[in-house]
Amino acid sequence: MEFIQKKTNDRAAEPFLLKAAEKGISLVWDRYEGQLPECGFCESGLSCRDCLQGPCISHPFRGDQSKVGVCGKNKDILGVHSLLRLVVKGTMAYLDQVIDFAKDIEAGEVSPANKAQTDGVIRHIQGLFETVGPEVMEAFPEALTNRWEATGIYPEGIARDLFKASQKLEGGITGVNETLLWTFKCSLLGCVSQMLQGKLKSSVFGNAAPTELEVNLGILQKEVPTILLYGHFSPVLKQKIAEVGEKKNVSIMGVCTDPLLPPYIFAPVTSYGSQEIPLMTGAVDLIVSGDQYVNPSLQEVAREWSVTIVPAEVLERGQDLGRFAEQIIDQAKKAFDARSGISKDIPDVKESAVFGFSVDTVDMKKIVDAINGNKIKGIALLAGSNNVKFTQDHEIVSMAQEFLKNDVLCISEGEASIALAKYGFLNPQFEMECGKGLSGLLSSLGEDIPSILDFSYAQNGGVTEFLLGLTSVEKKEPKEYPIVAVFPEANRSMDVTKAMWTVAMGVSTFFWPFLPVTGSPKTMEALTAFCKETFGSRFHVITRKMDARTKSTMVIKSLKGEDELHLDDNPWS
Amino acid sequence: MRHIIIGGSAAAISAVEAIRSVDQTSQIELFTDEETPLFSRVLLPYYIAEELSKQLLNFRSLDFFDENNVIAHLGMRVQEISPDSKTIRTADGNHYEFDRLLIATGGVPIIPSIPGMDKEGVSTLKTMADAERIYNFKAKKAVVIGAGSVGVEASISLKRRGLKVSLLEQLGQVLPTVFDEKASSIIRKSIEDRGIEVITGEKATAFKGNSHVTSVITATREIECDMVVVAIGIRPAIELAKNAGIEIGSLKGIKVNDQMMTNMAGIYAAGDVAETHDIAHDMITINAIWPCAVEQGHIAGLNMAGKESRYAGSVRMNSIGNFIGHPAISMGMIRAEAEKAGVEAGEEFQEIKKSTKDIYRKLILKDGRIAGAILVGQTQKAGVIGILLKKRVDVSNYIPILMSNSLNFIDVLPLIRRNADKFTEPEYKELMDTGL
Amino acid sequence: MEVIMVDQEKCTGCHQCELWCGNEIASVSKELPLAINEDPQPVPRVHVEGKRFALQCRHCPDAPCITACPNGTMRRDPESGLVFVNEPTCIACWMCVMVCPFGIINPSSSLKVAVKCDRCRNMEFPICVEVCPTNALKLVDRKEAAEINP
């Protein structure tokens, strides 16, 4: 059992931890300690609650009859199912985001920038039930699509990739490797969903140019009514809120929500791990919350600081989003007046950051040349968010620093970008220590290029956009480049899904905390040897405790082709 | 108070500890004819099999006597006890006075009157000297006579040393006083799977050879060999007691009451030499096994030191642990033989058996109380059955639970609670308040 | 002397005590992902019995296992009063298994010794008590426990 000594690296958030303790308010760190030790069976993937004959475990230390679930799922199946369950949920999350969005567009809530393109994308989305259009799939290098067809995991739409894959959990006689392939198949649907969402955003709101904005608690303003958008919900609703907010002089910012939705910016006030903190500044009057990424604990903190919570994903949302947005703004203004007596404690900590690069604004050829010319050692795709099991932001920041020093180009997306943004990695003016080759490359990419490039708002969504852009230069597939994906603080099922599709695309992935599959020898082997064979990449499940520095060294060595931990022969690294 | 203890094995040492737990000052003098002190006879087969060095045969550290302030006379035989003058005479002619005397002389191996018994290469297995002799024999083929615990373990030890071994047993099965036919056949197979030849139902009639044994003769065959281990049983070593006029029982062991005292005040007996009340059979028996000797020595010691204690009675129990590779435990009665002495009219016996691929379990109940149990293959919870046997609990309603392979203590806790007056020790009382 | 008591109403039979005893005490690697796959399989000293009761060695004041042990392997630590197996001298005869009224001694044929709880005698605090999620397991002074049940 470890009790993380330091809770957070974020000096804006840190003072509030003490304040919360004094007021007796429980934060995510307190609840985590209360949960310890977390169930060792579940952590190892050796449990199942899929039916009412359970809950079952495979007991590693008792005799034969306790090693297999009632229905017969043995430790290997239990392990791979633990993974499948996460990916099914993750893919559903990506699907929810895109389908939700499409429905609001169809309802005519907003006039798209490019109508014809929008209609095309919506048609694709509507068709997702039984197919993934060739126009979407043609973005992938042929080598990949051929391989997926050959292994049977080519995305075919919701019916097969999601529903059929999920039925593996219901029973049946399927080996570990095949179940794992179904899991990859499901994750590819998630990938496609994120791509379609990216395309839809672009066609509806227009492409984003790299945009500078400020992040962290210091950006909160006490003189105006302030609304924070939490988590994911309809981009159309967010736009409407921003529209009305602008008119009525209400500040709209975000937590765990896309920063860019042209022409609007939802500046990230903090990252996932400290999402309870902004309310404690007293400067937030109202929050609009989605479901994904939102902690139910916000209620308790909101109560303490009289913050109104408006859930956006409700049964009775009503059709008229404009009206809903107006109501929200009115509520916020009223709340602001009512809360004028509450003291505001806004730390003076903020940072500039540039978000929104894409293949249109970054010269991918220069990057390929830099790789081929050995100017940079490789590329690290940074994803994931915060996880309370680590000191908040510490892993990603430390690893990013090491990568930059060692001439590894870093591309980030989503919550990972926000975490990095707080520390200046996305700030073009901030001189991060970069290796010579990397510095050269970054300077060559443009005038105001930060040390790490955020690809969140991109046609093809995040890391996928980057990979597709990279591979289109020489028509080579990702596994032929020294490129890895790193999730220093993974958290959600969406992260698992993303990591899986990245591996399916031939990019080896490092993932912390380790996947709940360690109780299954066959799953561990499948994620190493079988994946290596099938995709040319591995999903690294690393159980050994190591500090961030050691992790970076390991990743950098793997980029150079050095397998220091003998990760290839030793599944339990 | 001057305590003298004759003997140096389980009962004797246990008595020392019991006396010292109550009385740190009185003198204790101990006489044993073994030169090697404090070794466990139970482990001699392991020594022969070269699995334990001599040091590891000890069951107490070598400074036991110093630590417990005992004057130990090793390798000193006691020749005579004089109850009237309360003295003993040792082989070197010395006399020692006592206030309390414990006779813990154990048993001596039965020497069959077989021609050739005195040839070289023929030995019993009881003393350290025996063990060393067998250990040092340069032999290729051994015959072990008697398939009791000692014989079976000796045969396996010798096989492990690389000898060819034949095990000869007069009765129809191996371990006839420990296991029933079914359990015995499972164990016999284990023994034979190791390449040991097992011959039952045949008696050795002669050992042939010149000065050194070369074969064993039975009614039907001649078995060639160059070593013979005779392990046909032990009889209590009662000569000293008998000559002193101490009462000997019908089983040829020293008679004691439930305070382990003989018919002579101040003189106690404990261990393999004593006859005690057997709980399972409900009659007087000699249970010559280690735990009984320890218990009896303990009770004797307490009484000698003036702390009145009563012996609840002995239970025969044997465990073949990992030695054969097939764990097996047996306690109390082996068969529900109505002809066995001690059965009164109207007493009802039940024998319940269960046999699956690798597991055999048998319970013998007498009037609803456990009188015996045999477990082969799955022995983990044997002690739960054992304690119910010892405390004479009526288990009539618990038979399916007791026979189940998943028997555990909690299942019988309600029964124990119902018999709380028998389970007075703190470890039981602590668990009784659990709301079950 | 302190013993571990189980509050039967709080024990949910979740097996965490067994799992962590197996990992922290019984295993060689002491790390769960590795311990799970160790060979020989680690043997926990505490066992969830029946439906919901975690049972371990009661450290009986008059221990039958010590009486039965033929070579002094089963011992009592004079300071703490705890009964423990001195594994290097254990010959796996399992006489102790035969006499333990609670059946908590594990005859391990893979390890070739008797495996028994020693109440974490070399640790600061017993692991099973530490990890129990419902606080069903508690360290209680033996005298106190006796007073609870007169």
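As written, the chain order gives the labels A, B and C, with residue 1 at the start of each chain.
Operating definition for what follows: a contact is a pair of C-beta atoms (placed from the backbone, for glycine too) under 8 Å apart; a residue touches a chain by one contact, two chains touch by 3 or more.
It should be emphasised that the depicted structure is a prediction, and the values quoted were computed from it without experimental measurement.
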Ask   = Between subunit A and subunit C, which partner chains are common?
value = none
Key: Chain at the geometric heart of the assembly (C-alpha centres)   = C
Task = For subunit A and subunit C, let me know how many angstrom lie between their CA-based centres, rounded off.
result = 44
Request  = Give, as an integer number of Å, the spacing between the C-alpha centres of subunit B and subunit A.
outcome  = 70
Remark   = subunit B to subunit C, mean C-alpha position gap in Å, rounds to 28
Remark   = subunit C partner, complex, touching residues on subunit B are 10, 14, 40, 42-43, 46, 51-52, 56-61, 290-291, 294-295, 298, 317, 319, 321-323, 325, 327, 329, 331, 379-384, 386-387, 407-411, 425-436
Query = Which residues, counting only subunit C, touch subunit A once they are in their complex?
reply = 14-16, 18-20, 22-23, 26, 31-37, 41-44, 131, 133
Request  = Would you mind writing out the residues of subunit C in touch with subunit B in their complex?
outcome  = 3, 5-9, 47, 49-51, 53, 55, 58-62, 64, 67-72, 89, 91-95, 97-107, 109, 112, 142, 145-146, 148-149
Task = Can you check the complex and tell me which residues of subunit A touch subunit C?
result = 1, 37, 39-41, 43-44, 46, 57, 59-62, 514, 518-519, 521, 543-545, 572
